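Scrolling down, you'll hit the structures one after another.
Next come two complexes, and both contain chain A; in the first it sits with chain B, in the second with chain C.
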Partner chain A sequence: MRRAVIRLVTFVGGLFFLLEFLLPERAPDWAGGFDNPLTPHLTDVTNFVIIVGTMAFLLGPINLVRSHVSTILRRRKGLLDSAAFLVFLVLGVAAAIQHFEQEASLLYDVLFYGVLFAFGASSMAMLSFYLVSAAYRAFRMSSLDAGVMMLAATVVLLGQVPVGDWITYSLPEWLHLKTWAQWVMDVPNNAVQRAVLIGACGGAFAAGLRHWLGLGAREL
Partner chain B sequence: MQHADGFTAILMAAFATLILAFLWRARRGRVAYVRPIPGIASLEEAVGRATELGRPVIFVMGGSDIRDIQTHAALSVLSHVARLAARLRTPFLTLVKVANVFPFAEEVLREAYKAEGLLDQFSADQQVRFLSQDSIVYAMSAGRTIEETRAGCAIFYGTFDFTSLLMAEPGAQMGIIQIAGDPGLAQIPFFVCTCDYTIIGEEYFAAGAYLSRDPTMRGTLVSQDLIKVLLAGLVLLGTVCAQFAHPWAQAVVEFFMRYKR
Partner chain C sequence: MLSWLGRLGRVDRRWLYLGTVAVLLVPFIVTVPMPPGRASKATRGLYDAVESCPPEKVVLIDSSWDMGSQAENYAQLECVVRHLCDRGVKFVVTSIGVTPLAPSFAEQVITPIAERAGYVYGRDWVNMGYVQAGGGAGVIINGMCKDFHAVRPTDAYGRRVEELPLLGRVRSIDDIHAVYCITYSPTPEWISFVQGQYGTPVAFGCMTIMGPSYFPYLDSGQLCGMLVGNRGAAEYEELVGHPAKGTQLIMAASFGNCMIILAAVLGNLGAWARRRRERRPA
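Presenting the complex of A and B:
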């Protein structure tokens, strides 16, 4: 019964959005010249979907709190981390309320600009180290494919920096690394990206149709 | 509001007809061969390896919300992997980034354990974790969870952003099996560098039908390939027409240029 209701709601909702999209904004004169009857309701239906989605918003933080409280109560590994999370959750909520009520809030400034921003910047700094590590793995020429990728990457990298210009400036323009880098980006890279996107669009359409008709969403 | 014009409507109708025709054909018992997709086929290998090692399987959901088809495709894969892990009695943990996906992920896991007759072993609080909607916090927490739990394998499935490397690199350094699926293009290079298998493009959306073992569903995958052939044919037609100065050829090119974004 529950699955039948889910499938029915999915089908009716999908039908509304599909018909709203397929029907023209205004029918041609020979067909009566009437306005799309579904368009005026589109905003209301979209708002309804957003409101229903918002109801689930609290479920995430509630799960976090339950998980960390459970860790503390059962004295599992990571007890101190969980306690720190709960303390900062309370402080964060208090700071947000204080910031909402008054413009200048020391607690808010310390937590968000002093702590959160600094943590974010540190994490992004780690990304550069990870990039080097991942690039090293990618550039190991373990196969012909990896070799081609390394060659293309070398050309593109050198073509984007002044040293690339310096290496080939005395050669004819068609031999400049910048020219080759641009060609790699514009031709093979662009063609492959479009091919992947075309495939993904077809896949998304087929998956959407399967879900809309209740053929694929058997896990829900 | 945006509405379809005649050409878009005709294309959509053609695609839908193709898919439904192959579905009908498959139901009549004429099931086409579906080529193995290494990334999807290796899910069992990854869970099996984690079972042998006695370590948990970590499933990291992407950042799209429940209204996106990408999320539904990810939930299909989550369901399959969770059932596999439950069957093998392997600890399983799902990490969720978007709050409105959380109840769906929990329900999918519950259904998976129920289908395997192991509902009593399912613990929603411990097995489905919402981490954060903030990209950096989510990525750092996911990476840390993979390290801390000493995961046996990690599966990243969904739409990921610039933080993909932050969550995939710790697992790569640990040497565990990692599989990633992302329908976009921007993060694919990072996943290729850090994961053993990467599921891209139409394979991402085909996974649900491919894993369902239902020959009818698998039959629809053929229609996906035909849609691709049809679109490639249109690209070829536009390319050929662009080479000629004949008014008809130019009219075709101008027609296609209207759809170029």
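Presenting the complex of A and C:
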């Protein structure tokens, strides 16, 4: 019964969006000239989707709290990590409520700008170190293919920054690194990206169709 | 000689990290006079879209980034907002689906520029805040195109759209001249629902590593323009004649890229020397 309801709601929802998108805003005169009957309901359905999505926001924290509370109660491995998670969850909620009620909130500033901001920016900044380390350890010209790839990577890396312009400044424009980097992007890259996109879209279409028609049992 | 070259393949990674920090810091300590060069077709496309905005229309900016991609998205938003303010173009800011922190980050960039340009909040620009897109951004985008007020009845501060004079004239996609989406990796649903359905120009601002994914859309004309990383921001700043954060950060990227190439060359030299030594008869 539960599966049948989910399948029905999914099918009707998918059919609504599909028909609303595909049908013209106004039918031709020979067909009666009436407006798309689904469009007036689009806002309500969209708001419904936003509400459901927002409710789903709660599911994540609820599941995490259940899992971490269970870890603490049963004294399993990672107990301290779970405790840290719960403490920061409570602090985060308290800071958000305080920030919502009053403009200036020290707790909010410390947690979001002092801790979360610093962690987020630092974790992305670490990528630059990993990139240099990976280039040093793994980027080997061990074959002709790898050599071509390294040449293309060097041209693109230099062609995207002013150093590349500076190196080839005195050469004719067709020899500028920027010109070659743009060619790599516009020709070989575009060809590959299009091939990947066509394949991925075909896959996404098939997956979407399975969801819509309720053929994928695992999703339910 | 071979043994000396072989040592290049055994450099402690901490020296590489230290070298990376050192080269990335250079542009923040000394000014390196290296302009970003001529603007690419992608950057110029966005510039032209802003330039051609008629006075009765607005530009919709979807600013959906936070500290993770701030290093590139900050400058991409800053240069375009400055251009809009210089030209007197009014704009609406949304943050659809990516991160709830996005509206406050957008505000940090926009407020000082808008205040300096004499822009009044509500009359000249509006921040519509974050919208959760659990069912996919396309559903929200499609709804906003048809009835902006119904999908976003309040701004980021909870004020009703009726209290915001600018939104009195922004009711659907017909009132929007162009859409500019800035985030780590903009969703192509902007193209499907905005450019594909209504022909409204769409431009992206994305991280450098995501740029290659969007070039096919630019080539086909589905994107009118794109700022790729700090390079795009620096080129845009050059076009509007106001070098700022993008121009400064592109120099850091310059040195960072050189460091990556240097690391690859050192690693390859070391590996080559090791192979040669191993092949030698004992």
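Note that in this section the second predicted complex is superposed on the first by the 189 of 220 C-alpha atoms of A that agree within 3 Å, B and C clash if a C-alpha of one lies under 4 Å from a C-alpha of the other, contacts with A are read in each partner's own complex, and residues count from 1 in each chain.
FYI, contacts are C-beta pairs under 8 Å (C-beta built on N, C-alpha and C of every residue); 3 or more make two chains touch, one makes a residue touch a chain.
The structure presented is a predicted model; accordingly, all values stated were derived computationally and were not measured.
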item	value
Which of chain B and chain C A:Ile198 touches, first, second, both or neither	first
First (chain B), second (chain C), both or neither touched by A:Pro162	second
Chain B versus chain C as contact partner of A:Leu215, first or second or both or neither	first
Touched partner set for A:Thr39, first chain B, second chain C, both or neither	both
Partner chain in contact with A:Met150 - chain B first, chain C second, else both or neither	second
Partner chain(s) touched by A:Lys178 [first = chain B, second = chain C, both, neither]	second
Which of chain B and chain C A:Leu64 touches, first, second, both or neither	first
Residues of chain A at both interfaces, chain B in one complex, chain C in the other	21, 39, 42, 49, 53-54, 56-57, 120, 123-124, 131, 133, 135, 137-138, 193-194, 197
Chain A residues within the chain B interface of the complex	20-25, 36, 39, 42, 49, 53-54, 56-61, 63-64, 66-67, 70, 78, 119-120, 123-124, 126-127, 130-131, 133-135, 137-138, 193-211, 215-220
Complex contacts: residues of chain B adjacent to chain A	1-4, 9, 12, 15-16, 19-20, 23, 65-67, 69-70, 72-73, 75-76, 78-79, 96, 98-100, 102-104, 107-108, 111-112, 124-126, 128-131, 133, 136, 139-140, 148, 162-163, 165-166, 169, 172-173, 183, 185, 189-190, 192-194, 200-206, 208-209, 212, 216-217, 220-221, 223-224, 227-228, 231-232, 235
Chain C to chain A touching residues, read off their complex	11, 13, 16-17, 19-20, 24, 34-38, 40, 66-71, 101, 131-135, 139-140, 142-143, 146-147, 150-151, 197, 208, 211-213, 215-216, 219, 228-229, 231, 234, 250-251, 253-261, 263-264, 266-268, 271
Residue ranges of chain A in contact with chain C within the complex	17, 21, 39, 42-43, 46-47, 49-50, 52-54, 56-57, 112, 116-117, 120-121, 123-125, 128-129, 131-133, 135-141, 150, 154, 157-158, 160-163, 165-166, 178, 182, 185-186, 189-190, 193-194, 197
